[in-house]
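The first chain written gets the first letter, and so on, giving A, B and C; residue counts start at 1 in each chain.
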Amino acid sequence: MLEVRGLAKRFGGVRAVDGIDFAIRPGEVFGLIGPNGSGKSTTVNLVCGLYEPTAGEILFEGQDIARVPTHQRLSLGLARTFQNIRLFANLTVWENLWMAENAPAHRMESGFLKRWIGGRGDARERIAKALEFSGLSHRADDLAGSLAFGEQRRLELARALAARPKLLLLDEPAAGMNAEEIAQLDERIRALQQQGYTILLIEHHMELVMAVTDRICVLNFGRKIAEGTPAQVQADPAVREAYLGTAA
Amino acid sequence: MGFVDYVQAIIDGLLFGTTYSLIGIGFTLVFGVMHKINMSYAAASLAGAYCGLAGPQLLSLPLWSVFPISIVAAGVIGYLIYLACFRFIPLASPLAPLMSTVGMLLLVDEIVVHATAGMPQSYPAIYDGDPIELGAFILRADLIGVFLISLVAMVVLLLLLYRTRLGMATRAVAQQPVAAQLCGMRLQAVNGLTFVMSGLLGGVAGAMIGASVGMLSPLISGTITVKGLIVTVIGGLGSIPGAIVAGLLVGAAENLFQAMRNVTERDIYVMLLLFVFLVLRPNGLFAAGRSRD
Amino acid sequence: MVDFYYSLAQIIGFHALIGLSAYVVLQTGQVSLAQAGFFAIGAYVAAMLTVLAGWHLVPAMLAAGIAAAVMACIVGFPALRVRGLMLVIATLAFGEAVRLFFFNFDYQIAKGGVKVGPLGGEGFRQIRWFPEHGWTSFDVMLFVWAVVALVAGALWWLDRSRFGAVIRAVGEDELAAQSVGLNLTAVKVAAMTIGGFIAGLGGAIYAHYTTHIEHSNFNVLLATFAIAYPILGGLRNVFGTIVAVIFVQGFLVEGLRFLGDWRNLLFGALIVLAMNLRPNGLIDAATAQRLARLFGREARRA
């Protein structure tokens, strides 16, 4: 579904991403891991269009999207969550979800005028369902900024899902979570996979990554150093070296 | 008009342009530290210059006392603006500090109008001597005086910023306010002093503007504000060398436009210059390392 | 005596219009000091149409609004290239450029033996559509407030629509907005254009109210008033802006009685004070919520 070929990004003299390739198959949960500074976030931003690549291709369903503007990538079927939660703090929970109604699926359900100038009636059902799924129905009219941290994370995810994406990018969703919350996250990711979403998961939390992903790609210093199933990656000496340093 | 006239216009413009540079530096200095624009800065600088006039007029001091009083007064006003607009307003609030400086601008302008009953006040020149002739060109002696004094002020400021501990503290706070506090710097004190510094500089600028034009009038505050901001923007927000270069550029360009067309159309062209710059180089000439956002 | 209050109501009306024109633009996070420039364009265009071309006021007003909107749209695009504070400066410069343009603008025609039309620094005199058509002060006041009500109503409705939420989302967080599929360019330019149109309408009526306009009417002070109202009133709610206008202008005019000429001074001090006490405006997001709950807005939950 998503294929990255020879992707590179330089900031001045710094090669944040130095030529990486990987491919994500439809329906799988694909992990992207690596030590700090390995280029994970840059890769995510490249895929989402916040940066333009210095070189390489990003193929989404066969189409090169490297030059497609950010806001159009959502309508192609790419949605993301942010590592440090970017909600619209002064909009209500309901309105936050309303914003994501830009996907082609929505366009087919309601015409142009309704989507832009229309009131709330049109989207009520869809958003109500989304709220229920993420357990936020009771907070629908509260300002997003007033939510508890865990609730904010759920809203962030719900907003990404509201766009009915084909590929869902989760940027360190477990950051700041305790064990119980991570267990819930684990379940949620599995549930999403069962519902047919393809997921690209960027994470630091090793247990979660190993448990929930089908395949993993490991980055270090902007390059790919390993790729494979969780078991394969765990056994790979290059990965051990990157995280723990060379054996004494 | 001949070539000589145009070059003459440019020379005069460059000499006067140093005052624009000073105003630009003042705006940019505050921006560098607070990441906000102090919209009342030019008005405050001119107000300082007005205060200088109190020396001879109210206190019967000799005429030259106008200049040091202007400078000190502007420094004090700068600190007052810090207290009113930045000390207590949460900086995270996007519009509040800006709006309060706008309110301050109106307030300062009105105080000046009331104090002077709206009448223009004449201002002493730096030097009353004959102009110097340099080949086909004439250099007004008082403009040279303005130029030199402004240069001295810039040099003093740069020395202050880069050779003293206070200057280092200012730069540290500008770059990393939290870390600077952790290193023991008192944020409020440093910020306040930054406003005093920029105020003093503005006092020099205001005094020099008064000295070159020969009079001060409440009407010029708006124009100087806009031009000072244009200089800051063209030079790059946060960049002092940028403000210096841009000030000279705007001064020269403005005079050239005036020579080519006339006074009333001149300012339109200056605005257009700004637009051209914004379209081509939105970050100014010397953008001061803004993080990619 | 009563005429004084009609006049006050009219002034509040014009300021409300220019405040509302800034309201939409500010919601997208663009602080624009150009609204006075669009107001000026509206004033001159409408006046020229009624005086020089003999148009009826209403079509002239609409044409003026459209002219200002077109200008706003043109300004909107380069405005995208500059962020935050630089935009303030750029729009300030634009507003001043417009003012200076009209300072230099001559276009006079002879009508019935008299020369009419704008004359540079002298301004544009004899904009007498209201008296010529027998409108009283009371009629003008009703007209102004009818327009204000229409505009405010339209913006209120826009606020509740998805586009309104989109505008606020863009103002909140551009990065997140892009990632959720919102086209920043389209939204910001659209907001600027809408603001330009409203300012143009305001300017058009203003010109006919004062019968004599000149460049100094459209200065930085007016541009400041324009953004001050929505900021003071809070960007969550159209009524906040209108309340701010009534408060400021009413207060100033009352202050005018007792303190003579000190009103602008008071205005400046008032702004500084207000920003220290309520940095997010009189009616910010949290207050708007509480007010909504107080009035039992079950509509949102339905």
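Note that in this section contacts are C-beta pairs under 8 Å (C-beta built on N, C-alpha and C of every residue); 3 or more make two chains touch, one makes a residue touch a chain.
It should be emphasised that the depicted structure is a prediction, and the values quoted were computed from it without experimental measurement.
Measuring from the average of all protein CA coordinates, the nearest chain centre is that of C. Among the other chains, A has the CA centre that is most remote from the centre of chain B.
Chain B and chain C have Cα centroids lying 30 Å from one another. Note on chain placement: the centre of chain A and the centre of chain B lie 48 Å apart, centres being C-alpha means. One inter-chain figure worth recording: chain A and chain C are separated by 42 Å, centre to centre, where each centre is the mean of the chain's CA atoms. Along chain A, no residue makes contact with two or more other chains. Chain contacts: chain C has residues 175 touching two or more partner chains. On the chain A side of its complex with chain C, the touching residues are 48-50, 69-75, 79-80, 82, 86-91, 94-96, 98-103, 115-120, 123, 140-141, 143, 159, 163.
Partner chain B is touched in their complex by these residues of chain C: 26, 29, 31, 78, 81-82, 85-86, 88-90, 92-94, 96-97, 100-101, 103-104, 121, 175, 219-221, 224, 227-228, 231-232, 261-262, 264-265, 267-272, 274-276, 279-280.
By the touch criterion stated above, chain B contacts chain C in their complex at residues 31, 36-37, 84-85, 88-90, 93-100, 102-111, 114, 222, 225-226, 229-230, 232-233, 237, 264-265, 267-268, 271-272, 274-275, 278-279, 282, 293. The residues of chain C lying in touch with chain A in their complex are 158, 160-163, 165-166, 168-169, 172-173, 175-184, 236, 285-286, 289, 300-301.
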